[in-house]
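The structure is given below, and queries will be raised subsequently.
Per-chain residue numbering starts at 1, and chain names A, B, C and D are given in the order in which the chains are listed.
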Amino acid sequence: MLKPKFGFYFKNMAGNSFGELFKLTTFGESHGRALGGIIDGCPAGLELDLEKIQLDLNRRKPGQSAIVTQRKEPDSVEIYSGTFEGKTTGTPIGFAIHNTNQKSKDYSHIKDSYRPSHADYVYDQKYGFRDYRGGGRSSARETASRVVAGAIAKQLLSDVKFNAFVSQVGEIELEVPYNKLDFTKIESNPVRCPDPKTAADMEEYIRQIKKQGDTIGGVITGVIQNVPVGLGEPVFDKLHARLGAAMLSINAVKGFEYGSGFSGVLMKGSEHNDAFNSDGTTTTNRSGGVQGGISNGMDIYFKVAFKPVATVLQSYETINKEGEKITTQGKGRHDPCVVPRAVPIVEAMSALVLADFWLLSRGNKK
Amino acid sequence: MLKPKFGFYFKNMAGNSFGELFKLTTFGESHGRALGGIIDGCPAGLELDLEKIQLDLNRRKPGQSAIVTQRKEPDSVEIYSGTFEGKTTGTPIGFAIHNTNQKSKDYSHIKDSYRPSHADYVYDQKYGFRDYRGGGRSSARETASRVVAGAIAKQLLSDVKFNAFVSQVGEIELEVPYNKLDFTKIESNPVRCPDPKTAADMEEYIRQIKKQGDTIGGVITGVIQNVPVGLGEPVFDKLHARLGAAMLSINAVKGFEYGSGFSGVLMKGSEHNDAFNSDGTTTTNRSGGVQGGISNGMDIYFKVAFKPVATVLQSYETINKEGEKITTQGKGRHDPCVVPRAVPIVEAMSALVLADFWLLSRGNKK
Amino acid sequence: MLKPKFGFYFKNMAGNSFGELFKLTTFGESHGRALGGIIDGCPAGLELDLEKIQLDLNRRKPGQSAIVTQRKEPDSVEIYSGTFEGKTTGTPIGFAIHNTNQKSKDYSHIKDSYRPSHADYVYDQKYGFRDYRGGGRSSARETASRVVAGAIAKQLLSDVKFNAFVSQVGEIELEVPYNKLDFTKIESNPVRCPDPKTAADMEEYIRQIKKQGDTIGGVITGVIQNVPVGLGEPVFDKLHARLGAAMLSINAVKGFEYGSGFSGVLMKGSEHNDAFNSDGTTTTNRSGGVQGGISNGMDIYFKVAFKPVATVLQSYETINKEGEKITTQGKGRHDPCVVPRAVPIVEAMSALVLADFWLLSRGNKK
Amino acid sequence: MLKPKFGFYFKNMAGNSFGELFKLTTFGESHGRALGGIIDGCPAGLELDLEKIQLDLNRRKPGQSAIVTQRKEPDSVEIYSGTFEGKTTGTPIGFAIHNTNQKSKDYSHIKDSYRPSHADYVYDQKYGFRDYRGGGRSSARETASRVVAGAIAKQLLSDVKFNAFVSQVGEIELEVPYNKLDFTKIESNPVRCPDPKTAADMEEYIRQIKKQGDTIGGVITGVIQNVPVGLGEPVFDKLHARLGAAMLSINAVKGFEYGSGFSGVLMKGSEHNDAFNSDGTTTTNRSGGVQGGISNGMDIYFKVAFKPVATVLQSYETINKEGEKITTQGKGRHDPCVVPRAVPIVEAMSALVLADFWLLSRGNKK
């Protein structure tokens, strides 16, 4: 193996928890026995709708349409603790999703080489050791646990509306503003774009990309509505800073913006400022529902940029663990475009962020 | 005052610490007696160059050029603890910057009204109470404490190179890639853009904007070089997720992208992947120095989008605390464009992120 | 149900993690589907001996001798993640112990009433709701997860020796100092007292207590040897403060002392001080291996006081949920004295504390 | 200097924060420029009585009576932030106590040698470096910052009653149970024992010890009354576990027990259990106000054991930094018995623990 750049390995990992009072800790690798997590801090007395949790898992799972990976993973969740007689008890909710096809596959082509723009090389460098089966811990399969926790967070914050949808695939961009869209149409097509015409274009484009054995990037827009005024903890844990960190922690994400975002750079203050209505709402919403890191009650909206999936089904050059150049061939069943399956993940992370700030702000009293 | 939207106030704030092992906690309001902070976790034995700390503070401070706010604040830092005989002792470093002109000004126009796109309204809604002098805690003056801590983090990580510069002001964009730039020229002009021609254009544009009593947005590019392989703590505390959160916690920031960023969306996987050289470096660097949330030793580069400053020196409509519409006039000495002074803040937050991951990874042993 | 004392319920729980860099989070109730946990931060490359983990679980499990509860719980642990080819990978170790006899029992006598000196009442008051089966989350069954994690921590710190033993049962006290004892004899008797004569007396006494349907308290002495100099994080996270918190978090613990402990109160400084040898060791060790919150390399020794188990197999008066007085009868298979089974728990918590400080101090580099 | 036992130094310290939502971080060494801290999380709108803060500081400060150290330190606190117009704003409260006599003294006898049972040796071993003036960071002077924060926590929890008093000095023990004592008499004598007769005996004994140039240990009893039912976060952050950690983090503390404590070991379950009254209170209170880690509304009472102060004004043998034996003479103005001045510290830490659990449980809503 290539020598560690530091002369030694770091070896331990420390970042598998998210949130402070509604805290999710996850475990599990792509091809281990099971993955899952613990939610510490979910208030007692919440009637838990298990079907809704499974529904979100199904939206994330492989094999759901022709434009996503054709792997078969049932992704069915078992709740081990924290509920009694259908309600949460206030104690930690432990859950697991067992892997059913963990052994079958041949990973020898990954074992001894580093795939470009994957985490193979850095895992070996950091830990001196790696579970190479399907990417191990670096696989997006881990996000299944986030979807479970996010689905519970959504039920906790039943008044808040969480929506996410695909707003761009490669150069095909949905140009309708989010507030002119019908969110009930998001699930009406496999791309998860609420505009049928654009969705059809995107779907066709992804099919072409797939035929080429290639992949393509995309953008997901997230919208959080009916948010109470006052959530967010300046100066470091500003609502949008935590939201940004949440999104950037999702596999393949390269960028995050909220409200006016990067296009706000082009504006003058006199154009950008949101004028107040008498009730404290604003006539425009370039602030994106957050001022000074605290929610102001307007819609929170944001964009998340995803790079193209690194695994291409083509021949490519790379290096093996000894640093020798080799030519190899991408294979397996992979997503040509990650955004359709990432929509429920963006929603889940949004809900985790909001649930945590909610509890930080008010305990759980109604 | 407008009634709290929730029926009550949240009242407490909880997010004034950043980092886990190199942990900064800050205090202080724009016009309080002093602001400052505590760095907990700085290793012992570091020879501290106090002049370098003050130098970074001077780069952030008001009044340094014609295109920034003309307020006078000496911003001189006092170190209270954690050093002995010129070296750090491993114990917490407490420091303060005393405010010298805290009382003079008249804030009655702010006290009873909410400035658009400022944090006035949400602070009142969250805490039921607000220090209205100069924005109180929501003022960017708080970032002076970050610059102090960042300057110490830079000294700890003396092998790592932290640079930031202004790459866009309004529509004027620096199109030269960062690795063709001469970073020693960043400080050669008041805009802090390393390309003299673009800098001159930006400066002239900011002067015009200022004359209009208006403000304009901008972009800062950050570059971190000579980073060890292996920093970052997946799956939530990925290096770029923490870096993004750090940047988004800076006042006025609306977006963050690293590596290929939002433009990576347009690319195919076969174009976007970074091919390996034999030593583990890559021929291209669309990954932006981070793979799977862990540094790969290549340059880390990123962009941070700043909205235009909300305070415009023009007449505008807004509401007072009773929700009545009023017309008021912006006044005072404010920045027409925030990015020139934000450059050292971006560098400081970069250094805080790296120092923390460094200690998380290896303790302090050399 | 008695009205909440505050006018409302608190509802959420937030304290199910222990440690910062070797962090254990546990889940599970006495009679839920499973209990278990996640260890976040165990370094990569540790060869994991699963038999040793099960061995410690067996020392804690019910039914192992005539003087402990006769319940049957196999307590067999499944590791779900974080290991590959027999070694830890540096990623989170998720594990579960499935409950095999979760349904059978009749808990109607607990459901509607509050057992004295149990957590029934406070759980109802805090959460407005309670899993009453076998104490739910407040059951000492949760400590099985700690034993699993502690067994892994022991393997990580293979040079450090962790021992605990029963030094008192009711008034029967082992008066031999710990350093005159043969720790290999701890497991030679069901009481886990290394002095055979005292062990026999204790065992006989526990049998009598059991015959009376009563219970009795006890003391466990913990000894940690071969500890590196320098572990502990003043001023709040002193080694002995964290150790004390760890012990006090074990069910039924009422007190903790280390080194000279409460008897140190009686001494003069001139008697109590530990004189130095030339190599930095000390001639006496009243400090108990810790000075100023930092390990000094001498043996760390401490005592943990356990109250008598609250469940007595006798008739007693108490109140039901409406606050009415009722007479009821204790039943079931309970421990007459908790200390024999708590010995591995004390060891486990010791190992968790040391592993965390070890990683806090030095990362994982050898 | 003696070689580090590990082959290297750990160097960094990481434990200077206490609490999660009412979080105190402290800085400062015995003879640095200033010590102080930041309270992050104090709710907005609290009218702050600065005199009460100073009053508690005065109870802790040197020179207040003939039986404590005669050093002169005014210990006057400056509040830098987090208040406006006499009320807290919800933002961090930064404060400092400037050292007035930091330079004068000669510490050459400490600089090159290790005082027995002090932290000198372990600080050098951990950090490779030490501020030797007056013990540096390991000095109990740091607790002044805790007293400031505790005084604010007491004002936040104005309904809760915090009392602490000296219940033992050497062999002189106050045998009256706490609920038969008149707490208003605690401040009526320099020992801070509410029983005048015992106080006189203790005072006389301390005078004798002082004359001998020696020191003596003691016990402080803490009592927290009028506590809401439901505070505490099992399974790790049990109320008494956090309280124990708080007390054990105070300089010179060797033991902690609550409720029946170590004497509970001697009791049978049938004797130890607290029977319920109809309203959920209990007829006895061996539980010490905490069941299963959660407050039950009864008085919380506990004992804290302090060892004798290590600095004796006698001649003693020790080693220097090269490990050579030397004979030296204790000098300076030190406390013959630490407990009278530690009473406000025990109260302060109690209040910090309760304030944190209060906010964890209910946010700040009334």
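Structural remarks
The rule is simple: a contact is a pair of C-beta atoms (placed from the backbone, for glycine too) under 8 Å apart; a residue touches a chain by one contact, two chains touch by 3 or more.
Note that the coordinates shown come from a computational prediction; the quantities given were computed from them, not determined experimentally.
Counting only chains that touch, the fewest steps needed to get from chain A to chain C is 1. Most remote chain with respect to chain A, judged by CA-atom centres, is D. Computed centre separation for the pair chain A/chain B is 26 angstrom, with centres defined by C-alpha atoms. Separating the centre of chain B from that of chain D, both taken as means of CA atoms, is a distance of 38 Å. Centroids built from CA atoms put chain C at 46 Å from chain B.
Counting partner chains per residue, chain D shows two or more touched chains at residues 9-10, 13-14, 16-17, 20-21, 26, 126, 137, 360-363, 365. In the complex of the two chains, the chain C residues touching chain D come out as 2, 4-6, 9-10, 13-18, 20, 26, 114, 116-119, 121-123, 125-126, 137-138, 142, 168, 170-171, 209, 212, 214-219, 228-238, 240-242, 244-246, 248-249, 251, 254-262, 264-280, 282, 286-288, 291-297, 303, 305-312, 314, 316-319, 323-325, 360-362.
If you check the complex, the residues on chain B that touch chain D are 8-14, 16-17, 21, 23, 25-29, 32-38, 40-45, 78-82, 84, 87, 89-94, 96, 126-131, 133, 136-137, 359, 363-365.
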